[in-house]
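Consider the two complexes below, in which subunit A is the common component and subunit B and subunit C are the respective partners.
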Partner chain A sequence: MVDVMRNQLGALESRRRLYTGLSLALLLAVVVSGYHEASQLNSGGFLQGLLKFFDYPAQIVSQAWDDGWEFWALFPRFLPALIETLNIAAVATIIGALFATILSLASSRNLEVPPVIIPAVRRVMDIMRAFPELIIALFLIFVLGASPVPAAIAVAFHTSGALGKLFSEVNENIDVKPLEGLKATGSNWLQRVRFGVIPQVLPNYSSYFLLRFEINVRASAILGFVGAGGIGTELSRAIGWGAGAETAALFLMLFLSIVAIDQLSSYLRRHFVGAENFK
Partner chain B sequence: MAVVEPSSAMLAETVRVSVKKASAVPMLLLTGVVLYLIYAWNAFDITALLERAQLSKGALLVSDSIAYKTHVTKSFRGNELEVAIEGERTATYKQLPDWVEGTVDSFSVDLGEGYFVRVEGQGLEFEVPGYGTIRSKLVDKKIVTELPEGAVPTWLNARDVKLDARPTFSRRVQFTRAKIEIHKFDYGWENFWFPFNSVLHGKSFGELAGIAASSDRIEADTPNWLFILKSFWGNPDWQHGIVAVALFETILMAVLGTVTAAACALPLAFVAASNFNRNGAIRFVVRRIFDFVRGIDMLIWSLIFIRAFGLGPLTGSLAIAFTDTGSLGKLFSEALENIDRKQVEGVESTGANRWQRYRFGVIPQILPVFTSQFLYYVESNTRSATVIGALGAGGIGLVLVETMRTSRDWENTFYIIGLIIVMVFLMDGASSWLRRKLIAGGETR
Partner chain C sequence: MIEFKNVTKAFGNMVAVNSVTFNVDKPQMIGVIGRSGAGKSTFLRLFNRLTPATSGQIFVEGTDVLSLKGNAKRRWQKDCAMIFQQFNLVPRLDVVTNVMLGRLNQHGTLRSMFKIFSQQDIDDALAALDRLGLAERALQRVETLSGGQQQRVAIARGLMQQPKIILADEPIASLDPLSAEVVMGSLREIHDRDGITVMCNLHTLDTARTYCDRVIGMAEGRVVFDGPADALTPEAAREIYGAEEGLNEAVTSTSISISGAPRRARSNPSAAGQGAQVAEANAATA
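This part shows the complex of A and B:
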């Protein structure tokens, strides 16, 4: 009896292993053939590219080195561009978070909103989240002209959807007792949200807000490259002109500011939600 | 009663004070945000922007994306008359369409609803209902225009070098020293299926099926169904083949990049997790590597890789792989630090070696996090791959930017935008479907 069971278990186990092995082999095959295919489609090959990998960084670093002390003068020159990128990200995150708050309140099951609008608002957020920022930015640049505003609107649109989903998850996990207490005092829906919901969700909202801000700084820098202004536009110009030292300075500025924001936002988030809840 | 009265008043006062205190922080935050937005309004110079904004340009773009125009061109140098869709040589009418009548020296164009153009030699008459007739002539290398009585409408621009009249969206007449060009707009996407000069142009689906099934070959060495596919695939105006390859490249970038990143991040995450690696110095180094590759950012990585590897999906894949090795490595190492020791100890008590402990005690615990993060990143990288493609890494992003930059045909841009959105939605749907399937009892959303 035990032997029969052991045999059956053994058979199941080996079949499972076979499946795992097969799927891993399949994955490996996809990766290998994918890289082969990608290498074929690429204008430069893999091996020769690998050899050239350090050429460009070395070239811009050496040009920066040749500039000597003048290199450091580039930083104050590009500071306005960096501030513009940070402004795009900050405005987009603030406006996005405001819309996300409204959308999330309208799509949480525990806040006594009409049940019919919940799935509708969720689909709207899904669409906003999935819509590529690049398309909105390019369209608005065409209509409004090259300026930071198209990028800010594009990033804010995406942010509303992305934060809205996270915020609604936070809303659904709150303690409803304060809401009931407020209801007993005869307060209206807005007052219940203001005094029952917001104080509970604010720490988590802030944490997600900061995380999003960091992501949006990267997104705004990239959108600058297609004409939205800020450090991306400077970078595209510097690379186009082959100005190595300027490129190096811009790379360094972007890198340092992203790392600084990353560290600062981790620190603040730990402070808001407490180290034990920190994810 | 006399005792209760003051205490309830005191209670109310206490509540009021605490509400005030609780309100203070959000109010301060709100004020800060409002002040910042006022600053940003000035920094972005939105007032000037609103003045400069050309909303009509946007409306034009949208209407142009669902319409196509036919050019009737008379050039003075060669004394030629040509009717072509979008003015392209490959889409020239061999016989004049029925709304153009006459010869190069004297012809008339019927633009419908009473709008009518007559061209005689180097002069034209444009009848506009509700306005009158515009008469223009080329005299001594100058365009002399006679307008009806009254104020000059905004759709009309008559100068010595050029006459430009566009009374409605779908009708436009331009007269320069070199040529007369009349545009007629029609709704629809012309030549979407087959090139204009192809024998298959304008055939219905039924007719096409008939041609595909017939053994009477259009081209001697290819079967008809293959010929139909080839004509569609190689359509020069819409470039279905090139667009499809570009979409494939973008998805390839996202999937390959994320798979590579996950494969590199998993082993490194073990080294970076404090409960698997006791050596603090190595842990520190690996964590800084994660921060470093993440901080460099996809933008910079792709610019460096474009230099080294040229244009194409390999460049995009590597840029995604490098950035996300950092992001996924950080996430995985945090997941590893939060695992339950008991399961590992249980496996250990059966005499399992180190590798078996990892395989049966650790991997099953982090697999849900691993899978869901992996799928989430594949989906989000499809969007990133479109963007870094636009920077020059290739794929559909580059095709989009190129079509927009030439801005020759907005319907092409519109078509590509539609395809990108469909692609992103499909990837989004596939990723959340897989997440639900693979992680039983996990996310129900």
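This part shows the complex of A and C:
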């Protein structure tokens, strides 16, 4: 018996190795052929481009260097634009998270939601996620005019779908025993969600919320390029005019604010989850 | 007072609870025993309406509680507190909040969404906790308590419901013997003092004999034994459990003070009395 099992295991193992080898070969083939294809379509050669890769950053940095102390004066000048971008991101993340919470509760299989609703809500979230912020923003700017409002709506729309999916996965991983206990006391569905689900999911929700806020700061910055205002608009102007020092200052500000949000978010997550559960 | 009439639950072809019929005429402490899968848990869950029954009626003070819907059903669930084997508390909330959740049925939805409890709720919750000897734990998170303490918090939540009946689904099955004694003692005390019916699924026969007035034995969904706890002889037990040969209770008993003959807690409820029995038993074996 042991011998039979050993032979079977051996056969399984060699088949697994064969498949791993084949997939690796396939992956390699795809990468090589993809590069070949792309390099034929490009106007310039890829390798020549690669050599010039650092020319532009070097130019920006040297221009910033030439400015000397005046470079730092650019920061207060661009601060209002940065705040506008952070504002767009914050509003969009908060509104998006509210909708995401509702959508996720309606699409979790373990919360006694009527079974017909679940796939419908999931498809809605798929659609919301499928459209990049940029596409929605372009459309809304066309309809509503260039301002931060269409940008915030666009980011919130995408966020609802993206966070909704993550939140519903959190919901489906909770312990349902507390829900049963609350049901036996004669509480209604909303009360069970409030006291049985929310306390269990809140740490993970806030963690995903802060991560999404960070992503949304970048998304809002990009939307400035299509006229949503904020730091993106300044960046697009600076790059377009070849103002190296300004470009460097804007990049640095964006980078610093992302780092700050990241630090804040890990602090808050620690606070919510409790340091002992933090990994 | 309570009338069970042909209560039946079928899962597909499998009949979990088969035409259970009996009456409870006065407040009693009832133990329900039987093998795993005999339908004990399903029976209690049907009574609380956690699981829908297939057919039958349960009349409580003249109302068929199995036919209730919506608000009336939830109002019945409030009247029929349920204690679970795994306590089913909200682990991340503190003890007193968990106890106050027993009041949710009497609270409006909007009020609960903002977690607003009245001074009355807080006072009642603390009184319930005090009764179970856990008042000083009120502000601790439930997950930091031991199993026995959590089960007492669950009982306090049940008391908070101001129930007419308490159902307990194997309340001591995951507790150590000492905690089990405290929990069963609390349930008995609630029955004695508040005069409400307590119905308790149990795994150990000596627990049923010690704490219950009446024992219902179930096998394959049917009631096969119904009588006073004294009538639960080893022969009767063998029949309920369908054991072919001997059924040696002493082997699986979790009681600290097991003795050969059935013993009633009410005749000597004090801890000192139990201690004396342990001493006696030790002396006997020495």
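Heads up, the rule we're going with is that the second predicted complex is superposed on the first by the 245 of 279 C-alpha atoms of A that agree within 3 Å, B and C clash if a C-alpha of one lies under 4 Å from a C-alpha of the other, contacts with A are read in each partner's own complex, and residues count from 1 in each chain.
Here, contacts are C-beta pairs under 8 Å (C-beta built on N, C-alpha and C of every residue); 3 or more make two chains touch, one makes a residue touch a chain.
What you see is a predicted model, and the numbers here were worked out from it, not measured in a lab.
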{"item": "Subunit A as common anchor, with subunit B and subunit C clashing or fitting", "value": "clash"}
{"item": "Partner chain(s) touched by A:Ala146 [first = subunit B, second = subunit C, both, neither]", "value": "neither"}
{"item": "Touched partner set for A:Phe53, first subunit B, second subunit C, both or neither", "value": "first"}
{"item": "Subunit B versus subunit C as contact partner of A:Val61, first or second or both or neither", "value": "neither"}
{"item": "Which superposed partner A:Ser187 touches (first subunit B, second subunit C, both, neither)", "value": "second"}
{"item": "Subunit B versus subunit C as contact partner of A:Gln200, first or second or both or neither", "value": "second"}
{"item": "Winner by number of subunit A residues touched, once subunit B and subunit C are compared", "value": "B"}
{"item": "First (subunit B), second (subunit C), both or neither touched by A:Ala243", "value": "neither"}
{"item": "Subunit B versus subunit C as contact partner of A:Val124, first or second or both or neither", "value": "neither"}
{"item": "Contacts of A:Lys177 with subunit B and subunit C, given as first, second, both or neither", "value": "second"}
{"item": "Shared contact residues on subunit A - subunit B and subunit C", "value": "195, 199"}
{"item": "Of all residues in subunit B, those that touch subunit A in their complex", "value": "19, 22, 26, 33, 36-37, 40, 43-46, 49, 52-55, 57-58, 61, 245, 249, 252-253, 255-256, 259-260, 263, 291, 294-300, 303-305, 307-315, 317, 334, 383, 386-388, 390-391, 394, 397, 400-401, 404, 407, 417, 420-421, 424-425, 428"}
{"item": "Subunit B-touching residues of subunit A, taken from the complex the two chains share", "value": "27, 30-31, 34-35, 37-39, 41-46, 49-50, 52-53, 55-57, 84, 87, 90-91, 94, 126, 129-135, 138-139, 142-145, 147-149, 152, 195, 198-199, 202, 218, 221-223, 225-226, 232, 235, 239, 251, 254-255, 258-259, 262, 279"}
{"item": "Subunit C to subunit A touching residues, read off their complex", "value": "48, 50, 73-79, 81-82, 84, 86-93, 101-102, 104-105, 107, 109, 112-113, 115, 154, 157, 161"}
{"item": "Contact set on subunit A toward subunit C in their complex", "value": "175, 177-178, 180-188, 190-191, 194-196, 199-200"}
